[in-house]
Structures are given as structure tokens and as C-alpha cells.
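Next come two complexes, and both contain chain A; in the first it sits with chain B, in the second with chain C.
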Partner chain A sequence: MTERFFAEKSYRQLLKNMIEVENLSKTFKVYHHRKGFFGSFVNLFSRKHRIVQAVDNVSFSIKRGEVVGYLGPNGAGKSTTIKMLTGILVPTSGRVSVNGYIPHRQRKENAKHIGVVFGQRSHLWFDLPVQESFELLQRIYRIPQTQYDQNVEMFDALLDIGAFFQTPVRQLSLGQRMRADLAAALLHNPEVLFLDEPTIGLDVVAKARIRQFIQQINAERQVTVVLTTHDLDDVEKLCKRVILIDKARLCFDGELAALRRLLSTERILSVDYAETYSDISIPKAHVTYREGNRVQYRFAPEEVSTADLIGAILQKFKIVDISVQEPDIEELIKTVYEDNTALEQKFTETDTLDLTNRNT
Partner chain B sequence: MRPLYLTFHVYLAFVRKSFQKRMQYRVANLAGLATNFFFLLVHIFVYTAFYAASTEPQPLNLNEIITYFVLCQVSFMLMPFWGARSEVTQAIKDGSVALQLTKPVDFHTYWFADEYGRACYFLFMRGLPTFLISILFFDVTFPQHPTVLMAFALSMTLAIFMSTAITITIFSSAFWTLDTSGVSGMSGSVIMLFSGMLVPIALWPEWLAHIAEWLPFAGLIDVPFSIYLGKITGVGVWTAISKQMMWTLVFIGLGRFLLNRGFSRIVIQGG
Partner chain C sequence: MHHLALYLHFVKLRIRSQMAYRLSFVFDLFSQASISVIDFFMIALLFNRFKELAGWSLWEVGFLYGMIGVCFAVAEMIGRGFDVFQNSVMRGDFDTILIRPLGTFFQVFSQDFLLRRVGRFSQAFIILLIANSQLTISWSFVKVGYLLVSLVSGTCFFIGLFVIGATSCFWTVQSIEIINIFTHGGTFMGGYPFSIYRCWFRHFFTFIVPLACVNYFPSLFLLEKVASSGVSSFGVYLAPFAGFLFLSITVLFWRWGVLHYQSTGH
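What follows is the complex of A and B.
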């Protein structure tokens, strides 16, 4: 039995792709509710429904050890995809495999190798102290004592869970609960970690801490991370690669930098002048904002290089401080959501980028 | 395959934690204890008045009736109609039950263990005090023979198992109704009547008692307490106990079936 176990283990290690999704679709039946008192009576006897396409022919694959941001506006089909990857939902059509398992057919097997954190809901037992929850998880996943002790020690060092280890979960602050949930999801050394909005509602310090933890876990343990979030700072700090999904369809799959390059036509240059000048105009740059000695210019990098622009400013004026800002990726993603066709056109123009169906 | 005792070990931990998490609500338990005594007193006063007004011989004498209702209050919290308040139905209602699917556990056994832990908690922390205090104030009778006590213990254990199995079956209905308070309330009234919790089945008209005999619910209350009072003896004990066993298995099977169906049709809110 052990031989078979090792054989199977090494077979899974050989799999290059941790997650494979091929032509995945999911449709839901949504019942139409008639309005009003009479309508609710009619509902009892006849119900109309319409079919909602939650995920439409999505394909991608994720390699072992990658950290991927899976992004999209509300209702785009992110959670539905995650739920199919974790074995909660059965796909309507298409193929899913996680670590060589088919999640909805081998739910319990798959569950042993994945860690899941949903920011909005806790996995821990509400009425039990954190430690008790952890001990239950130790039993459920059959975690050997040494591994359990090592992990608890490590998570205490990184997330300071020792500070509230004996506190019932219902008394934890949101930040503490999130830390506990994250640690709980990693107790059994999963190979894939699904994070659904792990920093929702947290303050800046707590967010930073959680991001750092995810980075470290990924680096040290080669855990594959799929991150769903609306917080684009998360994406910027953690993910090299992003997958964008909108209206159930995949609309971008590639490096974050590529997305940025693709869409960023303009940059912002902020300057703090040493003196007050009446005429602050610079060729090829537009003043977008001015308050006292602080001025912001907008410019297009293909028209004028940042270096030339700064040189021009230094020739004419005395400055205290100067900085160049890339546009917010929130802005970028908004452009994508609002105008898919624009992005698709750019895709066809630039062949350096992997396209939507890069794995097919 | 993992050895059975190891699996058992996991679910035993669930039983223990379930017990433990309820230990945190001590004041609520004390308040509950007071409620138990309130209902016990109502029952006892009513039956004392009945028995004082009647001259005919009854199948149970007044002491036996008092003992019967003391035992009813002991197991009141073990009955399967508390399901609607449980975390599980809440989890089904708000969709978070889906999250639990990401854990490698068997759900029927997991919930069964959790509910069984609840039952054990209420048996020891509510039932036992109710019984001990009642001995001080009322004329409670005890079984005459140790074998009766053993048969009672066995029958009572089965009653708890059966109650737990029924509870999970009621839970599973939440997959269809999203709210078990309707199913729970309805089954609650049926169970309360046909288990013999309101009126011992020995006092029922024959035709109604006959119906109760064909239903599973007498196994929750009337069967174990009749064994305690020595009203079921000899072979009757074994027939009664095997019936309890059979119904427990039926409800476990039904619960498992419904749960699997429920999970397979699950549609989680949001997307």
C-alpha cells in the first residue's frame, strides 16, 4: 500500500500543470418569481425559469507553484469557477482537474490536497477556541503530530496566532479570524490554496501581514495559489499573472505587466517646485492638476520618454521632488471590463502576448 | 482504505467538541433547567388532579405517571425537534454548507456526530440534574431489578441514536425548503404526540395506540420509559428494542439518501 502511495505521489509531482481547466461551462436555472401576493400564490403551482450562463467556455492552466490572480467584477463567474475547482459545484460541461483529481468526482480525495479560504465566511468552529478547531482539523486531515506542531509554530511566528489561540472564534476580530482561517487552511500542507477575497474588510497593517504570509508560504512550500480579490493591491503585491473574467467569459490571461503595458497609454508625472512659477507648461505634457507648488502632468510614453521630460523640467525650473506614477491597475481593469472589444483589438495587434486561448 | 477505528476516532472527536462547545453557555442551560421544571410541574399537577377525580384503576398509577413525566423532561432536549435552530440548517440556508464540502469528511456521519454530542451534553448537563432534583421533591420510582435498568439503558441509548438520525433527516429537508422551521414544527407536533410525550401511550384509546405502535416515534419516549417502569417485560423488551434498532437504521438510510440528493442539487447563492 505504501509503495502504491509513493508511486501515486510521484506521478502527481510529475504533473506540470497543477490546475487544468478546459472549455469549462456552468449554467444555472434561475426561477422567475412573480411579484405581489397573488403572484406568490401562482409561484406555488407554476414556476418559470431562465438559464443563466455563469461560466462560459473558460480554459486555462496553472503551473505548480504559480500565484495567479483570478479577477473580474461581481457576478462575472469567479466564485462559480472556484467552486468547481474545489469540488463544490458540478460543471455543466468541460473538464477540470486539480493536481490530477477531478474535483466533483473525487471530492474527498481532492479536499485532502487543497486549502480553501473564503474571506466572507469562516471555516472554523464558531463556538470553539482556535486551538480546538485546529485539533479537529488535525484529526480530519490526519496530520502527523510533528507536522502539526511545526506548522502551528511557524504560523505563530508569521501570523502571531498564539495571541488568540485560546479564544473562541466568535470573539475574534476580523483580522484575527482571517489569520486563523489562513493558518487553518494550511495546516495539512495543501498543494493548492484557493483564496477568495482574503483581505476583505481588513485594515492596511493586517492586509500587509496577510500578503507577506502568502508570499512566504508560496516561496517556501511551492504552494500554488489562486487568488480572487477586488483589492488590486493584493494582485499587485502577489500575482505575476492575472486571469480576467467578465460576463462569464475569459477576457485576459497573461502577465500583469503585459496587461499594464497593453493598456497604459499615459503616465502621470508629479512635481513639487521650489518656487512659484507663473508659466509651468512643458512641451508634450498636459497639466492636469495644480495646487500651490505641486503640479501633475500627464504624458504618453511613446511620445516623450520620462527621462527627456524630466530633463526639460530641470532645465527650466528648480524642483524639490519629482515622481512618475503608473496608472492604477484598478483603472486598467475598469477599462477592460468596460470595453472588451478594445482589448481584443489590441490583442490582435500585439502578437507578443498570449491570447485568451493560450492553452488550447 | 483507512481502518474503521481511525475513522471512528475522528467522528468521536466531533462528538466531544460538540459537547464542549455547548459547555460555554452555562446560564442558558440553567434557564432551560427552570423551564423543564415548569413543564414538569404543569404535567404533575394536571395528572394529580385527574387521578384524584377518578376512582377507576388506571394502567399506570400516580407514582408511575410522575416518574414517566420526570423522565420526559430528562430527555426533552434530546428530542429531534430542535433541529431548526442548529448551525447546520443555518449553513444550508445561507449557502456556507458548500464551504464544508471542501473538507474531506462524510457529512452524514459528521452531522450525526455533532448532533449526538449535543444529545450527550443535554443528557448529562440538563437531564441528569433534572432527574436528581426531581428525586428530592417527587415520589419517583426506581426499577426493581438491575436487568430492567440495563434494558432501559440500552433502549435509551437507541432512543438517542434514533432521535439523532431523525434530526439529520429533518436537516436534509433544508436543501429543498431552505428553512426547516416548517418541517421541524410539523414533525415536532407529530413526534410529541406519537412518542407519548404528552400522554403516555398506555392511557390512549386502543385504536390510537395501535397507530402509535406502527410509527417509529414511540421508540423515543414511550418504549424506554415503559421498560424503566417494568410495563414491558420478557420477550417484549427484545421486540421493542429491535424495533428501535430497525427504525434507527431506516432513518440513517433515509438521511444519507436525502443528504446526497441535497448536495447534488446544491445551487449556491451568488456567483
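What follows is the complex of A and C.
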């Protein structure tokens, strides 16, 4: 028994990729509902529906211990992907494997090795105090007492769950509830943690605390983390790698820095002039903003180097201050959402990217 | 063993939280019980005028009524998770069930336990006891065993109906109301001897939805009315197993339905 257990365990640890997704698609049938008594009877036999493609031919793989941001606008198919990885939904086609398990076929086995947190909804028992919820989870996952005690102690130190350990879940504040849910998802020492909007609606302090906790868990326990979020601070603080999905399709997979490089073809130069000039035009740069003596130019680094541009300005004008900015991630991702065909093209053409993570 | 211990633990937690609102609990208990009494009182009024119904006396009908009442009350008490399953689907709570390393059927089954159905149960049980005292049933070891198996099987039958209603939620989200025809309507129909109904109706509620196997056929055997009813005695021996078979089929239906769960908010 134990021998088999260790053999099995070492086999799984040899797997290079924690998560493998290949040509994954999910379509939903959205039924037309009739109301009322008679309508519900007709609903049983009627097949009137339309088909919605939620995930379309998505492939990626994630290595053990990685922290990956899975990003996309509302309705892009993020949650649907997460739900297929956690065994909640059955894929329409394609292959999924998490830690060597096929989530929808080996749902219970898979469930033992993953932790799931949905920011929008608690997985705890609403009318039970946190402690009793945890003890129930201990029974459900058959967590040994020593492991349980160690974990509760650690989560108390990191998330201060002791402060509300006896409070019923329904009475917790949003921040407390998130901390309780995070701790609950990690009680059974899962190897993968799926976080769906873990910082939604939280204040700055609470967000920072949760990010720090995720970082620490990843570093100390080698837990693989898949994170979906709308909060780009989360991504910048936690994820080296991002996967971007839009309109059900994958449109970028690579390092965050590469995404930035790929998209930041334009930079912004802000200048505070010492005097008011009537003509402030500079060749190869466009004025995008002007208020008093402060002017912003947009320029493409391929056309003119930053040094040349600053040189040109200094020749003509007196300045107080000057700075160059790259557009922030939020801006970048917005351009992707608005027009991902351009990015897709660049993405497939470019060879500067780290493509080892892609299955294609 | 792990599952049984877990189930008992869940039940303990549910009961404790329901007892937290003690006054409301007691009030519910009595209102439940009185509804049941009024129901039977209506039947008794009928007998005040007609003396007998298709060869059945008042207390023989009381026996029928008590049996189906006990089965339905217990089914509502323990099968509550399936009865109110549409709420779970609408709230998306079923997601939580799917991420736990336990079977879905077991989890929904142990999700709720409606203690206040004890009121309805005890009323039906008391009517069963009174009927027994008014009738002269020659109880034997076989008959007691037969009764117990029938009651468990009948409870399984009603849970099976709840499971069908719950499974339909995977497609329609809202539970289909027609299941109530069979549950609440079924307990009402089952309060009368099936020989008063039309032939196609009897066949439907024997072979498709085996409502008649819950109390009618068992009562024929226990009250020794098999010969006069024209029902085959072989069928009467098989009847107490119909509920188990019915539940087993609905469990398969459930498993198939789970694969079609669409969750909420993709």
C-alpha cells in the first residue's frame, strides 16, 4: 500500500508539466426557457437552443511551481477554462491533464490534489464558524491531525485567521472571508492552487496581504498557482508569465516582460518646459497632451531613439523636467482586447519570445 | 465507514443549526402534524357516509394512509438536498460539491436534513399504530420484515422522485413542477386503495412510477386481501423491491445528468 503510494507519488513528481491543456474547447447550449407549469413540461422535450463557444481550441502547459496569470476580459472564457481544470465542467473536445489526472474523469482523485478559491463565492459552509468549517474539511479530505494543526498555525501566522476563527462565515467581512477561503483551500496541502479573482472587491491592505501569502505559499511549498484576475497589480506582483485569452481564443502566452516589449512600440515622453513656447513640435514625435508648460509626446523607438529625441528638445527649448514612460500593463491589455489580431500576428512571427511553454 | 461517519456528522450539524431557532422549530412541528391530521380527518368524514370503499374499511384505508405518510415524511426529511436542489444550481453551489473529493450523490444527499418533518412522520406513524390496533392483523416474523422492507423501499421511491426533479435542473435550472404531481399528489392518491382507479392509471403507477408498490400491494399482503383483489401473489412479493430498483435507476440518471452541468457565469 505505502510502496504503491510512494511509487505513484514519485511518478507524478517526474511529470514535467503540472498542467497540460491541448486543443481544449467548450461550447454551451443555451436553452430557451418557457415559463410556467405547461412551459416547464414542454421544456423537457423541446431542444430549442443556441450554441455559445466559451473556449476555442486553447493549448498551453504549466510547469510545477509556476505562477501563471490567466487574463482576459469578462466573458473571454477564463472561468470556463478554470472550471474544466478543476473538474466542474466537462470539455466539449480537447485534452486536459492536471498532475497527471484527467479532471472530469478522475474528478475525486484530482480534487484531492487541487485547491480552489473563487473570489465571487465562498466554498465554506455559510452558517458554520470558520473553525467548524475547517474541521469538516479535515474530515472530508482525511487530513492527519499533525498536518492540520501545522497548517492552521501557519495560516494563523500569515493570514491572522485566529482573529475570526469562531465567527460564522456569513458574518465575516469580505477580506476575512477571502483569507478563510484561501486557508481552507490549502488545508490539504494541494499541489495546484486555482484562484479565480482572489482580490476582487478588497481594499489595498487586504490585497497586499493576500498577494504576499500567495507568494510565500508558492515559494515554500512549490505550489503551482493559476490566477485569473482583473487586477493588474496582482499580475505584476505575482506572475512572471501570463496567458491572455480573448473571445474564447488564446492570444498570448509568454513572459510578462515579453508582452510588454511586444506591445510597447510607442513610448511617452513627458516634458515640463521652463518657458511657454508657441511652437513645441519636434520631428518624429506627436504631441498627445498639453497643459500649461507640461507637454506629452508619443514616439516609436524604432523611428527615433530616446536619446536623439531628448537631444533635439534640449537644442530648441529650456526644460525643467523630462521623463520617459512605457505604457502600463492596463493600457497594454486594453489594446490587446481591442485588437488582438495585430498581437496574434506579432506573437506568431516573433522568435524573441519564450515559446518553450507553448504546445504548438 | 468514512462516508457513514461523515454523513452522521453533517446531520448533527444540520440539526444543531435548525434547533437554533427553537420557537420557529416547535411551531413548524405542530403545524406540520396538524396538516397531516386534517388530511386523514377528510378521509374519515367520507367513511362516516359510505362505511367502506371498494371493500376497504376506514382503518384499512388508515393503514394505507399511514404507510405512505411515513415513507414520504422520511423521504422529505433525509432527501431534502435533492428536493431543494434547484437552489444549489441557481446559486452555483454545485461547483463547490464538484471540487470536493467525494461523490456528488452522497454530498447532495448529506447536504440537508429537515428535522421538522418529524411532525409529519409522527402523525402518519400514529395513524398507522391506531389502524393496527383497530384491525386484527396476525403479525408474524415474515410480515414484520415485509413491512420494514416496504417502508424503506417506499422511502427510496420518494427520494428517487426528488432525484429525478433534481437531475432535471442540470438542463432546466429550475426544477420541473410536474415532479410535485408525483410526490404530493402521489401521497394523496396513495391514501386510497388503488382498485378504485382506472386500469391504465393503475398500470402506470405500478410499472412506470411504482407508487402502488409503496403501500397498496404491501397492504394487500399485510391485511390479507391479496386473494380478493385479484392481484398475483408473486407480484405482491416483488412489490417491496420496486422502490430500490426505482432509486437505482434514478441514480444512474443523476450520474448522467452531472456530466451535463453547465455551472453559472462562464
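Keep this in mind: the second predicted complex is superposed on the first by the 277 of 360 C-alpha atoms of A that agree within 3 Å, B and C clash if a C-alpha of one lies under 4 Å from a C-alpha of the other, contacts with A are read in each partner's own complex, and residues count from 1 in each chain.
By our rule, a residue touches a chain if its C-beta (ideal position, glycine included) is under 8 Å from a C-beta of that chain, and two chains touch if they have at least 3 such contacts.
Just so it is clear, the model here is predicted, and its values are computed rather than measured.
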item	value
Fit or clash - chain C, chain B, common chain A	clash
First, second, both or neither for A:156, with chain B first and chain C second	neither
Partner chain in contact with A:236 - chain B first, chain C second, else both or neither	neither
First, second, both or neither for A:22, with chain B first and chain C second	neither
Which superposed partner A:77 touches (first chain B, second chain C, both, neither)	both
Overlapping contact positions on chain A, where the chain C interface meets the chain B interface	28-29, 54, 75, 77, 79-80, 83, 86-90, 107-109, 111-112, 114, 116, 118, 121, 123, 125, 127-128, 132, 136, 139-142
In the complex with chain C, residue positions of chain A that touch it	28-29, 31, 33, 37, 40-41, 43-44, 52, 54, 75, 77, 79-80, 83, 86-90, 104, 107-109, 111-112, 114, 116, 118, 120-121, 123, 125, 127-128, 132, 136, 139-142
Interface residues, chain B side, partner chain A - complex	2, 6, 9-10, 13-14, 17, 20-22, 24, 87, 96, 98-99, 101-106, 264, 266-268, 270-271
Residues of chain C that touch chain A when the two form their complex	2, 5-6, 9, 13, 17, 91-92, 95-96, 98-103, 168, 171-174, 176-178, 259-263, 265-266
Chain B-touching residues of chain A, taken from the complex the two chains share	28-29, 54, 75, 77, 79-80, 83, 86-90, 107-109, 111-112, 114, 116, 118, 121, 123, 125-128, 132, 135-136, 139-142, 168
